[in-house]
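Read through the structures below before going on.
One chain, chain A, appears in both complexes that follow, with chain B as partner in the first and chain C in the second.
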Partner chain A sequence: MTTENKSLMTPVNIITGIILAIGLVITVLRFTKGLGTVTNLDQNNPWGVWIGFDLLCGVALAAGGYTTSSACYLFGMKKYHSAVRPAILTAFLGYALVVFALHFDVGRPYRLVYPIFLQPGTTSLLYEVGLCVFLYVTVLAIEFSPAALEWLGMKKLRNTVHKLTLALTIFGVVLSTLHQSSLGALYIAVPSKLHPLWYSPYLAVLFFVSSIPAGLSMVIFEGTLAHKPWHHMMDKTHLDEHEGVILGFARGASIALAAYFCVKLVAVAYDNNWHYLATGWGAWWLVEVLGFVALPSLLYAIGSREKNIKLIKWTAALTVVGIILNRFNVSMVAFNWQLPADQRYFPSLMEIMLSIFVVTVGVTVYRFIVSRMPIFFEHPEYKDAH
Partner chain B sequence: MKRRQFLGLLGAAGITATLGTTAQAAGGKSFDGYPDAKGVLFDATRCIGCRKCEAGCNKVNKLPAPPKPFEDLAVLEKERRTDEKTYTVVNKYQGKSGPLFRKIQCNHCMEPACASVCFVRAFTKNPDGSVTYDADVCVGCRYCMVACPFNVPAYEYDDPLTPRVMKCTMCHDQIQKGEINAPGCVISCPKEALTYGKRDDLIEIARERMKKNPGRYVKHIYGEKEMGGTNWLYMAGTDGFSALGMREDLGTKSVPEISAGPLSVVPMVAALWPALLGGVWAMNKRKEKVAEEEQKAAVKAAKAATKAEGEAKLAKAMESAERDKVQAVEREVKRALEEAEAARKEAEAAKTETADKDGEGA
Partner chain C sequence: MDYYVYHDFMMHTKSITYILMGLFVVGFWGIWAFITSRDEELHKFPEHDKE
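On to the complex of A and B.
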């Protein structure tokens, strides 16, 4: 059941190797010369693309884990069962990478456990994020473990863990609600730095609600990407359910995006910030909200109604780009908007390369796992055992 | 039972973990600062931009020597901010009648943003009014820098493994040890542009100055209410605070106050979500069960109906068979009787014939 029979020198592997090598060089630089050498961060711009992309987007796009598992196990949509394992795997890898990437960004990564075990700063929303991410990575690891245990043939332990599914799913949704929203709430502390069109007392709600279409779209998007290379790994159930998953998730994402669109409007209306729409910032806000929230909502609706799988797949990509755009706007573009242009932040090449490196590590581990463990197929010994 | 216990434990753990001391932050109590807290009053109309305060700060805090000496006033031509080697800087601005100067340093907020957002409680608001930082627990996440509305904390970006956040301490340690009786900058100011004292007294002093010098000041003490109030206070000439590059749109709410609302929702999610999601799960489970039972019942009914029908058919068949049998018997009997009758008649006829024959013969 491996794909390693062929030569390792495939184009994908070569590119992976180059990126990993560059990443290692940057890693050495980061831990010998400091953030000043590697990043464009400065005293006014303490958070860059490693927070804006690796943390904010990483967590939002890993929301497929809790959305898929709750749809299947809590909301009784059993027909999505074959989508749960791939989604849990991606979520687990996504969160593991978020934690991995944070080790580069924080000044003293060896102290990352201090807030949880040594001296918790409970008034901080970052504490909440930290605690929830820490717990959720653990939950995801346990949720994912049956796949690994089946692969390793550890039947007894696998069956014990499997009994926890319901409790873990509920706990996972609680934790996800908390930290998805808290990531937005981080910026509630900075009304004077974030542009009023993006600043809102509803930032927590905005981040949480948008994580739902983000997660659903990532499941569709990944499913599409994984379908070709691992077609031979997919069992009949997976292949049969695939189209149903895409159509169902498209419907769900369409509704979630429509709700998110409404929250976006309420957020602007709450502080009566409509007049900003006439400015350049307003135009940019409209691009985000009309082009990457309203439009995909509409396209998803059309796609699921007409059973247009191709349209849905492209819409999933559009939604993912839209969520990334939103997180970039909040954390970088509209942050420090009042500073003069020469004091604004733009990531350095090494910062971008390290983010690519982190994603590549994730993709590589993903490839390793799905080529071996029962992710796209049910292990023959555990058929119908769920 | 086991699962229920486990869920209960999870819920309890979640609440304890997230609730912590946040309830206090979100409570209705108001904090008006420590009663004897000290502060510094900066009077922009007295500042001449000599940078003596910068030199004094540098010396008292044993900070590295700057690339250009403090006597070099050409530095003022470019706007600067505090950094990891400089706790305070003076900037020059153009006023309506000549240059204006403003000193920047940590404002020592009464309810500091940095302290409230720090996830490891590295910042402390001391009873003497100062806000200090503990490098021994700092993780280096830089959220304090993001949150500070005055852009004060600075970070040692060039230290790869032990970077610290650097900022003015209002010379807390040195004053506590008795090395000096006022912050280094205040001592070095030759024009008494800086006054160190109890915050309440400083506000009195500022009001007094405004009263005694009508037309000299704009009628506002910056920091009295900004961001919930700061221990460093500012007076400005008639050009106002915006002419000194100070933001006048910060509002009067402190960061803890702003974030109290969102934080208060946190424990609710932990409290309500398990019940809500568990409820949804239970409803779906029940729906499935009901559907299953209904299906079973329907199958049973169908089976029963089929059986009854079959029985009825069988009974009917039996009946008709019975009827056929009876009819057959009857038919047989009848035929036998008829046959017997015919035989009898034949015999009789034969007898008569014989008798006739006998009569003819006599």
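On to the complex of A and C.
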């Protein structure tokens, strides 16, 4: 009894427990007292950090699922196979947490079925995003299920689900293309509220193109974080392929970031917004585009050329920060930019704590799964079944 | 710069966009050449791989 209790009382577990307890208190407050008690949201700023971070960043950073599985199964790059399961797991948890976090913002979770089955608003972009996320979470759950079924020893069902891999990958890419772009397209409706440097008719393209390096970088970043604590869970194939995955993904991310940089410039040229670059907002835009798009693209190129794994890993972290910065800029910083400072939105402490709670729930479930299921290793009974 | 009609505005922004697209094509060629340059070196000197 004492041994088991001691192993559970680690610093990480204690911090996790404290965050989860605080999150549960805020959850009770949110659903009993309403949004006004826990958030700084108002009529000018109806979407805050729960949408900007939990939803926009969550979806963008979960793009590793469709990028990795399409590289492996659609483009035949089997050398990235060992990265597919960790990427699918991260994507599945990412999207599941998006739905989980959305409940806090929307409220009344028991009405979740309404927009899909009872009152579909087929002319609304939000409906399209909701439908895509609903379908994609289902696709990711099925894509992830072979790992859980192998762990549970349900061989027959696992083999049946495994046969669906290619169809699910194609469906996943189609759905990702749709909703990654639609999240950007939501902001096309607010040309007078979003600063011209971030507003563009190309917002849908910008969100979709930026999701590709975001997903690739997240696979590298998450792989780096997981390498130390779960090194003992990784089999020889995973460890041997790890460097190749990093170098290949760095090359892809470099090109994708360069493409994203080009679309960003075209977006400014299209509306002739060059004069804004000489303002304070322009300086902030340049920080985002030069520091977190152009620089990572260059560093990835140098890293993959020189085979500098350490540089690539740091660049992946820089890119992830850059994507978060972009989504924050679009949804909060450059949103309502013309309002006086006292009417601008800044998240409350409870909003920030709840976002940390959501991330902690994801990390806890991730830890539970990778410590038990065949994510970083191939199950001995299915070694040749891929 | 003043634009008297929408056509002027479109001519101006589209012209700049076309110039940018030309620069991007050259830029992408440069990035690709930079990233793959070591691959070509290895291809040219296969004995380099053996070291």
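General remarks:
As a working rule, the second predicted complex is superposed on the first by the 379 of 386 C-alpha atoms of A that agree within 3 Å, B and C clash if a C-alpha of one lies under 4 Å from a C-alpha of the other, contacts with A are read in each partner's own complex, and residues count from 1 in each chain.
Keep this in mind: contacts are C-beta pairs under 8 Å (C-beta built on N, C-alpha and C of every residue); 3 or more make two chains touch, one makes a residue touch a chain.
All figures in this text were calculated on a predicted structure; none of them were measured in a lab.
Shared-chain residue A:Ala301: touches chain C; no touch with chain B.
Touch criterion not met for A:Ala226: it reaches neither chain B nor chain C. Number of chain A residues touched is higher for B, counting chain B against chain C.
Legend: residue contacts after superposition of the two complexes on their common chain; A:Asp271 is shown touching chain C, with no touch to chain B. By the touch criterion defined above, A:Leu126 lies against chain B but remains apart from chain C after alignment on the C-alpha atoms of chain A. When the two structures are aligned on the shared chain, A:Val59 is found in touch with neither chain B nor chain C. Of the two partner chains placed by the overlay, only chain B lies in contact with A:Ile170; chain C stays clear of it.
Those residues of chain A that touch chain B in the shared complex are 30-37, 39, 41-44, 46-47, 70, 73-76, 105-109, 111-112, 114-115, 118-128, 130-131, 166-167, 169-171, 173-174, 177-178, 181-182, 185-186, 188-193, 201, 203-204. For chain C in complex with chain A, the residues that touch the partner chain are 9, 12-13, 16-17, 20-21, 24, 27-28, 31-32, 34-35, 37-38.
By the touch rule above, chain B contacts chain A in their complex via residues 3, 6-7, 10, 14, 17-18, 20-22, 25, 81-84, 113, 116-122, 137-143, 145-147, 149, 151, 154-163, 247, 249-251, 255-256, 258-259, 261-263, 265-266, 269-270, 273-274, 277-278, 280-281, 284-285, 287-288. Interface of chain A with chain C (complex): residues 251, 254-255, 258, 262, 265-266, 269-272, 297, 301, 304-307.
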